[in-house]
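Please go over the structures that come below.
Shared between the two complexes below is chain A, which has chain B as its partner in the first and chain C in the second.
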Partner chain A sequence: MTAMNDRIVFENVSKFYGEVLGVNRVSLNIPPGVTTLVGPNGSGKTTLMNLMTGLVQPSSGHVSVLGLTPADADRFFRQVGYCTQFDSFPRRLTGREFLLDSLLLHGMSEGDAFRLAEEAIERVRLGDAGWRRIESYSKGMRQKIRLAQAIAHHPRVLVLDEPLNGLDPMARAESLALFQELSGLGMHLVISSHILDEVDRISDQVVLITGGYIVAEGDIHQVRREVRDKPMQVLIRCDQPELLASRMFTSNHCVEARLHADGKGVFLRTADIDEFYRLLNQIAVEGLIAIDAVAPADDDTLAIYQYLIGSDGSAS
Partner chain B sequence: MSVYKHEYRAYTGALTPLWSRVVVVVRYAIAEAWSSRITVALFILSMLPVVVYLVGIYLANNSLARAIIMRRDNGFEIGAGFFLNLLATQCWIALGISAWIAPRLVSFDLADNALPILLSHPISRFGYVMGKLIALLACLSPVTWIPCLLLFAYQGYSSAHPWFMANLRIAGGLLVGSLLWIAFLSILGLAISAWVKWRVVATGAIFAVVFVPAGIGGIITGVLRTRWGFLLNAPVMMTQLWQRLLGAPEMMRDQLHLPTVAILIVLTLVCGICVLMLNARIRGREVVRG
Partner chain C sequence: MMTERMAAFSKSVLGQPWGLWWLQARRLVRIELRRNLFSWKAWWIYFLAFAPTAILLIHMLFETHPAFALGSDTNILAGIVQFYYIRLGVFFGCLSIFSRLIRGEMIERSLHFYLLAPVRREVLLLAKFAAGSISALLLFGSAMIADFALVYTGFGAAGQEYVFNGPGLSQLGAYLAIVALACLGYGAVFLLLSMILRNPTPAAMIVLGWEALNPVMPSLLQKLSVASYLRHLMPITVPGDGIFSLLTIQTEPVAAWEAAMGLLALIAVVLAYSCFRIRRLEIRYTTE
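Take a look at the complex of A and B:
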């Protein structure tokens, strides 16, 4: 398998719906693992997902998934599973029937379809609810049956639009564990979610999009380092936070200090992270302050989102 | 950094042919159509004229019955005219049934946003529409060409004369005439279902598309004294077409006859517009905000 045949590739892709911009000049190269699409409503996340699932064709540019395009429908859709964000089920079907029909639509034989449907129901832990009509499902169960539908045919690329919506904390944890397991096996998972703190824990890379434009992409820590105009925030747990803050302010790069609520730590903002750590090392070596822990406090997806896109959804 | 074991294996089993996947859509659509008791009631009602015509054939071929009920031996002949009436009756009933069934077939999927989930399978928009179309044809066939051909076969069986082979053109006309009409109704019904969300309005729209232009066509014909106004009049147009297909005597004056080619062009044009309407609405994408 060549490198490109193991990737989801967008080459200068634009999509317009009439005069409405979907996405503009998007170039992405998504490796296996969990990739999170982050952006405000209307930013183009669903358009990106529709493009990579072949539901819409780009106005310009080229999209390929594991080297395949939707023109080769049989092979393409065998590799791609899509979990939409909408409650879109044919009426009067049980969960099992829904999965069976989905698998038959994928071209599986009836025997394989039965086997794979059972396997998917077991995997999302739907249990006996699979025999009930979907109309009677709770929101969380509907999410699960949608997820089961997306993974039932053993795709290698799983595109999940808001897969955690409506799930209770336990079901969320189960879903996240399943996503992690699948990504660990070498599968592509592309997830859009507003529940950033939870998705953040399993994301290998993040794509930030707003107004149809990609604002940033890549490993979240790498992205944070590249946002140079926003001083990085670091939490240092120590026995003398006030003294530490005063020492750090002796250098120009430190721009803000805030004591932790419990008084046993300090949040420090710095414009030069390398210089910051050098000074911190020096302080630690001096031994006057006992430093217990050092952790970045704002290189998660939520912080990046707020820095790059802002709470109003407009890129800064 | 994640470590990818690359242990995941995609499904590698054999795949069924494309047509068998369309069957899933057909099955959904037929289940949807027959989920209402009104559909069942309409279907039963549609069989009443068939029974009447069946009795007619029985009486026409039973010499005792002819002698007792009709009092004369040659007053009631079974021929193209008889089957034209049967075909016309069943075809107009089919209009009513399609106006009831068709509106829910596409509009429900659009309302539920079900198209992205369906079209993210290896089935094209064409396959989706074909599935719905086949389902509608399957629902309308038992009302139109199937009973017509069964009655034709019964007449062939009952007739003392070598009637069957001598009147094969009628059978061909019944089949082709029915199929043309139900195909037209099906595609029209799907197009309206794709654009009109409310069932009652969609049902009304199907009747309106058939009968409102007929009124306009009548005015054009009356005011301009031209036969071309009838090209907007589906009942007149179809009756003329069915007459020719069955070889039945035409009832209108010669100068009001429409060329068969013109009728077929109008039907094709309407179907073309319906295809464009479907093409505009049957999309895999979800709602795009902003």
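Take a look at the complex of A and C:
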């Protein structure tokens, strides 16, 4: 398998809906693992997913998934599952019938389709509700049956548009565990979600998008390091946080300090992370302060989102 | 050089997964038939198909049927086919069935499930067309048979003689062929209109007007009418008087086989263009 055949690739892709911009000149190269699309409403996340799966066509540029395009539907949709945000279903079907209809279109035998439908229902923990008509489902159950339909045929790429919407905390945790399990199997998972703190825990990559433009992409920590103009916050666990803060403030790069609620640590914000760590190492070597742990406190998706896009959704 | 190209083309055609496409098409047809025939929304199509049947049933039960009236009842049946089924019943029935296949699913926001299945869009379109055609044929074909049986049952032995030893069965065959071609022809047109337009009904009204005006158009334009082809297949031509003259199509005489082949060619062209359109179809439910 060539490198390109293992990637989701956008090559200078633009999409316009009439005169309205969907996305503009997007170039992405997404490796296997969990990739989170982050951006405010209307930023182009769903457009990117729809472009990936052929539900909309690019105005210019080229999209391929594992070297395939949606025009080659026979092969493409065996590899790709898409759990959309559209909360509607064919009428008068039970959850199980819905999955069976979908699987039978793959050309498999009825026995195989039934087995895979059962497996998918089990995986999303829909239980006996699979025998009921979808019209009677709660929002969370409809979300689950959509997810079941997207994973039932064992795709290698799973595209999930706001997959945690409508789920209760327990179901969210179960879904995240499932995503993590699927990612562990070497799958691509492309997730858009506004529940950033939860998705963040399982993300390997992040794509930040606003107003149809990609503002950052890559490994979350790498993206955070690249945001040099924004001070980084670091949590240091130690026995004398006040003393540590005063020592750190002797250098100019430290711009803010805040004691941890339990009094056994301090959050320090620095404009020069390299200089910050150099000084911290020096203090540790002196041995006056016992440093237990050091961890970045704001290189998660939410922090990067707020830095780059802003809480109001406008790119800063 | 040409032979090599032909050989490469043949190899490419034979190398396609025809077996898979056939299986997928059959399964799609099964899903669509379930939706088309067993939905409360289908009551209107049942009504269009069986309204004449109900009237003929009342006629059979409550009217006397002297043998000399057989000729006039045969003309009435021909009139029902010519004026009602071709121009109104099948027309509006097909509008209802075929415009639901793509546009209806857009409105219900469920089309994306098909477009995300590993099914070529052309296979999807042709399977939906086949399902719509089977639904229409089942309804209008069975209504046609029922109408025919009801017209001649009342005449007893004379009716039996006309059906089995006279021209009856061949007329029934011709009516069924006409209804089948009407379903396919209008079906293909409405399927295409429903992909091009958000609301195909106004366009269907224009098609209805086109069909009415078609007889006074040049012969080349007459070839772009479904009903004009069907007229040549009628075993009995009923002259239209008064308001019926608006529903009567007078065209240049054409052989039956020529009319059937002409209509099939028209259907093939419309379906080929529909296949081209569906490849570029996008899901934009918010604009529906």
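Everything that follows uses one rule, which is that the second predicted complex is superposed on the first by the 313 of 316 C-alpha atoms of A that agree within 3 Å, B and C clash if a C-alpha of one lies under 4 Å from a C-alpha of the other, contacts with A are read in each partner's own complex, and residues count from 1 in each chain.
Keep in mind that, in the parts below, contacts are C-beta pairs under 8 Å (C-beta built on N, C-alpha and C of every residue); 3 or more make two chains touch, one makes a residue touch a chain.
Note that the structure is predicted; figures quoted are calculated from it, not measured.
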Chain A as common anchor, with chain B and chain C clashing or fitting: clash
Partner chain in contact with A:A71 - chain B first, chain C second, else both or neither: second
Partner chain(s) touched by A:L55 [first = chain B, second = chain C, both, neither]: both
Touched partner set for A:G22, first chain B, second chain C, both or neither: first
Touched partner set for A:P90, first chain B, second chain C, both or neither: both
Between chain B and chain C, more extensive residue contact with chain A: B
Contacts of A:D262 with chain B and chain C, given as first, second, both or neither: neither
Partner chain in contact with A:D101 - chain B first, chain C second, else both or neither: both
First, second, both or neither for A:E286, with chain B first and chain C second: neither
Which of chain B and chain C A:D128 touches, first, second, both or neither: neither
Set of chain A residues, in rising order, touched by both chain B and chain C: 17, 50, 53-56, 73-74, 76-78, 80, 82, 84, 86, 88-92, 101-102, 104-107, 149
Residues of chain A touching chain B in the complex: 17, 20, 22, 32-34, 41-42, 46-47, 50, 53-56, 73-74, 76-82, 84-92, 101-102, 104-109, 112, 116, 146, 149, 153-156, 161, 182-187, 204
Contacting residues of chain C [partner chain A, same complex]: 17, 20, 23-24, 27-28, 31, 35, 39, 108-110, 112-121, 279-280, 282-285
Touching residues (chain side chain A, partner chain C) in the complex: 17, 50, 53-57, 71, 73-78, 80, 82, 84, 86, 88-92, 101-102, 104-107, 149
Of chain B, residues touching chain A in the complex: 1-11, 13-16, 18, 20-21, 24, 27-28, 31-32, 35, 108-109, 112-124, 283-290
